[in-house]
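Shared between the two complexes below is subunit A, which pairs with subunit B and subunit C, respectively.
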Partner chain A sequence: MTEMIKLFVNGEEVEVESGKNLIDALEKVGIEIPHFCYHPALGADGNCRMCLVGIEEGRPPVVPACKTPAKEGMKVLLDADHIKKIQHDVMELEFINHPTDCPICDQAGECKLQDYYMKYEGTESRMRVPQVKKRKVQDFGGGVIHDQERCVACGRCVRFLRQITKTGELGLVNRGDDCRVEFFPGRPINNRYGLNVVDLCPVGALTSADFRFKQRAWFLKRAESICHGCSKGCNIMVDHNKEKYEDDIIYRIRPRHNEQVNGWFMCDAGRMTYKSENDNRLEECTLAGTVRPLTDILADAQSRIEKASKALFLVSPSASLEQLVAVQALAEKTGAAVSAFSDGYIVKDDGDDFLIKDDKAANRTGVDLLSIAKSRTHFDNMAKEADVFINFDNDLSRSLSEEQIGKLFKDTWVLNAATHPGHLGTAMAGKAGASVALRSWSEYHGVVVNCDGIAQKFVGGVMKNIERPDIVEIAAGLGSPATGAAAAWALVQKKIPALAEFGSFLELPAEGVNLTDNEAGK
Partner chain B sequence: MSDRSKLIATGKPFKFDKKYDTEFERLVKRYPSRESMILPALWLVQEQEGWVCEEAIGYVADRIGTFASKVYEVATFYTMMNLHPVGKYHICVCRTLSCWLRGKQEIVNYFRDELNLTPGKTTEDKKFSLEEVECLGHCGSAPVLQINGEFYENMDVDKVKKLLATFK
Partner chain C sequence: MAAKVKQLPSRGGTPAEKVYLIEIFKGMGITLRHFLRNLWDNSNLYVRHYPEVQPNIPAHWRGRHRLLTHSDGTPKCVACFMCQTNCPANCIMIKAGERTDGITEKMPVSFTIDLAECIYCGYCVEACPEDAIRMDTGIYAFTSSNREEMKIEMDEMLSLKGGYTEEEYQKGLEDE
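And then the complex of A and B:
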């Protein structure tokens, strides 16, 4: 536990954690100090002057909260008249050259300038001189669009690119009211984390070319999820919305703060994974080439599994723990083999030392914890033996060529349960005995374990118009003892004792559970 | 202030010539970090070319091993960095209080009438360029002119006339 100290805010005593600056310390107890340039990940810069607070009997009597550590007995003034005047005047300064084009600005609804105007300023402009004209709709590269006139010159984007990505594409050029963010001609933003500057920007100066004009911030529904783009398991917010008569669509993915996994950031590739959640999804369940209800397919498959000399279930290394145990339990019951063969999910030398990992599977650690075999030889041997093969959303086309897949399952009855077409290659698509369209990770709940052994829950908020089954439902339909999400979770807890204390997956702490090797048991 | 962010590209790669190259290497030893060389290096560029082009900023950044955006920031912040070509004689007239009161406007007017030269412009023969600058720090001997780094104090129109004659 961190040490607690007592200080006074507007005369009232509050208890805060020590070793933090005033903004962070007071934010934890629900007291907001307005700020533009300060960001916990980038440190204090002290250029915006919005966070000036009064210190009673202090020297100096007015200090920037971002650079002032919280101290025992400090008497902080937030609502004194002279502090209110400072906040009002700083806001007025920011608005001198601001175009105030909120109706056409993408940041509206999540803009600090808007929020602070309502809270700290709220007066009409006194400016009677023409505003400084700057560049609009400037392409900064990397999918970032810049509007210089909206900028408050806080320098967060500049500091992010210098401190975090160490690429330093942006700089604050000129001075005075002509100051603006620019890249050096011919050297635009060119790194794999560039879009984070859009989230960092407290105003609408930096917007994402991908998200611009697609949806208003206040229409978006939020789902706290985990990125399934690689094994890092960055915490994300899935922003989706179902417009009238339309399908539920994801509009963007934003990073969610988790200090022990991704900090405040995520990679650009992870942000774009929402596209595959929206588009090119499998829609129908087919049996021998004709569209049939799911129950018919499952009944047929179940009888085939019973009759088969050997059945092989292939699971995805991105599946949730619940899905993995559901399939595993089914295999144990029917005597089938389970494989998580997925060599193709590992992209060599793609990772870096920040967030991107070589392994593009979200739950490979979970696969290992459940002792599911994933070697090529095991898979090949089992595939040769098996006369029934069920694929649970493993994109086999990443690991094997079309000919290899065709050869392995020449005489095998195949049920392909998948979110997207092409998991078994295009040639196999017609030959598959049955296919089932599955829910994808933005549509189901579950727990995945990231590359560092941290188990994290995610909530699927997207509700598609087409009802698709989850892998747990399919496994249950095929006779798995895990008859539902709760039963599957109970099985997970049996296999991973470290998770036993949590009644449901929703009780997992927001920052995740670190499953070190000895804790995981097994 | 004005917008100085639009850089002019010459289309030719920039390089220090031998003299400034040795000077750069001599200066770089002075500082604990190479980034400290941004301003001195920009001065060297300006001494060599008379002004700082886009290519030179990129060259300085790569030579120092820092972000081009940082050098770009410095070059646009300091107005004594000429970001456009100037004449052979770059005349800076101080326009701050003392020089203003002691008649800098007459000198500026003289340039306008005699050479058709207004602040921020260069004569057609590229010989003279004029700029009004903030305090040059010689208020005691106002008005002051700075021409290619040299100071000329207690100036008036007659003295400017004689001075220009020596430049021709």
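And then the complex of A and C:
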């Protein structure tokens, strides 16, 4: 528990956490101090002067809130006339050369200049001389597009690339109204976290080439999710929208703040995982090569499992805890074997010491917590014995070659439930006895455990035009005791006692539950 | 302020009116009078001979939409989506893309208005920051036997001309 201190804002007493600067401390209690250059992850720079606040009976009487720690008994002035005038004048300065091209600016709707203009300025421009013209569409590399005219020279992007990625591609050059962000000629942004500067930029100076002109920010619906690109489990915001007469598709993925996991950032590869959620998805359920309703396929599969001498279920290491227990419970009931064999999900030497991990599976820790076997030998032995094989969205083509898969399941009846085609290789596509198109992670809710043993909930907000089943529904249809999401979650809580204290999975705290001290660490 | 209430006398209560037959003949008499009058001379007819005689459409009338162009023929629209955002009928569908003619950075790739859904409220015209869309074509009649044909595309809206001079249009806005 952090220590609390009392201070006064506009004469009213508020209680804030100590050890923070005024911007962060007051933001926690809902008092906003406008700022451009300060960012919690990058520290105070003090160049924008927007956060100047008055201190009564203090020396100096006006201080930048980003560089001033909250102190006991401090008397902060936010609505005094001279502070309002400072805010108004700083905004007027920012607007001198601002092109005000909001109609074509992707930042419109989530732009600090727009918000602060409405709140702190709101007057007509007094400029009567022509504005300074600068470069408009400048490719900064790494999928970042720069507009020099919109820049407020806060230096957040420069500081991010120097402090966080330590690559330092960008710098502020020149002074006064000629000040601009530039890269050294021939050395554009070239690192795996470059697109974070787009989120950091408080205005529309840095925009994403990938998202450019795709949607206006206010049309986007937001879903709080967890990135399934690797085992780090970065907290993300999935921005999606269903346009009229079209399908619900994701337009971008942004990082969501979680100090315990990813801080404020995420990698560029994780941002691009939305593309596979939109495109090249399986759409139909087939049985022996013909399109059939799901109930027929499940009925057929269920009778085959009953008759089989041995059945093998392969689960994905990216599946949620609910999905894993649903399949596991089905296996326990039918005497089948469960494997989470997924050696191919681990890409050697791809990870780094920041966010990217070698393991590209979102829930391998969860697989271990539920004691699901994942070794190659176990999988090979079981595959040889089994005469019914059901794949629950494990991309086996990552781990085994097409010949190996073909050889393993030569005489086996195969049900391939998958989100995307090609999980069993192209050769097996025609041979599979049945296939089911599954919901993907942006479309279902659940809980995954990341590489550090932190269990995190995620919400799938995307509603596709084609209704696809979830793995929990399929397992239930095949006779699993976990008859639905709620029953599956109850089973999860039974198997992982550390999660038992929470009601539904939605009651998990936003920052996740660290299981390291309880289960995952042993 | 309280609303002004005008009490109309209740009709149809007298015995003569309750018989109905007398009233029917009175009505027939009126019909006959109009018939005979218009038979000799139809110049003061109460209805317009549409479509032979077209109505006079004032400049502030909200008719078919058109997209305006700069003097060099390039579209004024920058695909800011203000019209689509404000449209209460949700009948405007825009796809934006990169603009390469040097005027600005963004332009619509497709701009569709579903006239079957449009309620001609004019919010799109008011919301437009570039004066790129107007409803001043004076076209008020538009029919189709097919829903798809009721959608008008960007090329068609760009090719339409305004039905009034600029002064008439601006004055029409003031009248409104």
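Here, the second predicted complex is superposed on the first by the 516 of 522 C-alpha atoms of A that agree within 3 Å, B and C clash if a C-alpha of one lies under 4 Å from a C-alpha of the other, contacts with A are read in each partner's own complex, and residues count from 1 in each chain.
One rule holds for everything that comes next: contacts are C-beta pairs under 8 Å (C-beta built on N, C-alpha and C of every residue); 3 or more make two chains touch, one makes a residue touch a chain.
These numbers come from a predicted model, not from an experiment.
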Check your understanding: So, on subunit A, is it clash or fit between subunit B and subunit C?
Key -> fit
Check your understanding: Now for A:162: first (subunit B), second (subunit C), both, or neither, which partner does it touch?
Key -> first
Practice item. Applying the touch criterion given at the start, work out whether A:182 contacts subunit B, subunit C, both or neither, answering first, second, both or neither. Key: first
**Study point:** Geometry of the superposed three-chain model: angle at subunit A (Cα centres of subunit B and subunit C, steps of 10 degrees)
**Key:** 90
Review point. Given the superposition on chain A, which partner contacts more residues in subunit A: subunit B or subunit C?
Key: B
Review point. So, does A:172 touch the first partner subunit B, the second partner subunit C, both, or neither?
Key: first
**Study point:** Partner chain(s) touched by A:137 [first = subunit B, second = subunit C, both, neither]
**Key:** second
Check your understanding: Once you lay one complex on the other using chain A, what is the shortest C-alpha distance from subunit B to subunit C, in Å?
Key -> 22
Study note, to complete from the structure: Overlap of subunit B and subunit C contacts on subunit A, residues none
Point to revise | subunit B-facing residues of subunit A, complex | key: 134, 158, 162, 167-178, 180, 182-187
**Study point:** Partner subunit A, residues of subunit B touching it in the complex
**Key:** 1-5, 7, 9, 54, 57-58, 61, 66-73, 76-77
Point to revise | subunit A partner contacts - residues on subunit C that touch it in the complex | key: 78-82, 85, 90, 93, 96-98, 104-106, 129-130
Check your understanding: In the complex of these two chains, what residues of subunit A are touching subunit C?
Key -> 101-104, 108, 136-137, 212-214, 216, 218-219, 243-245
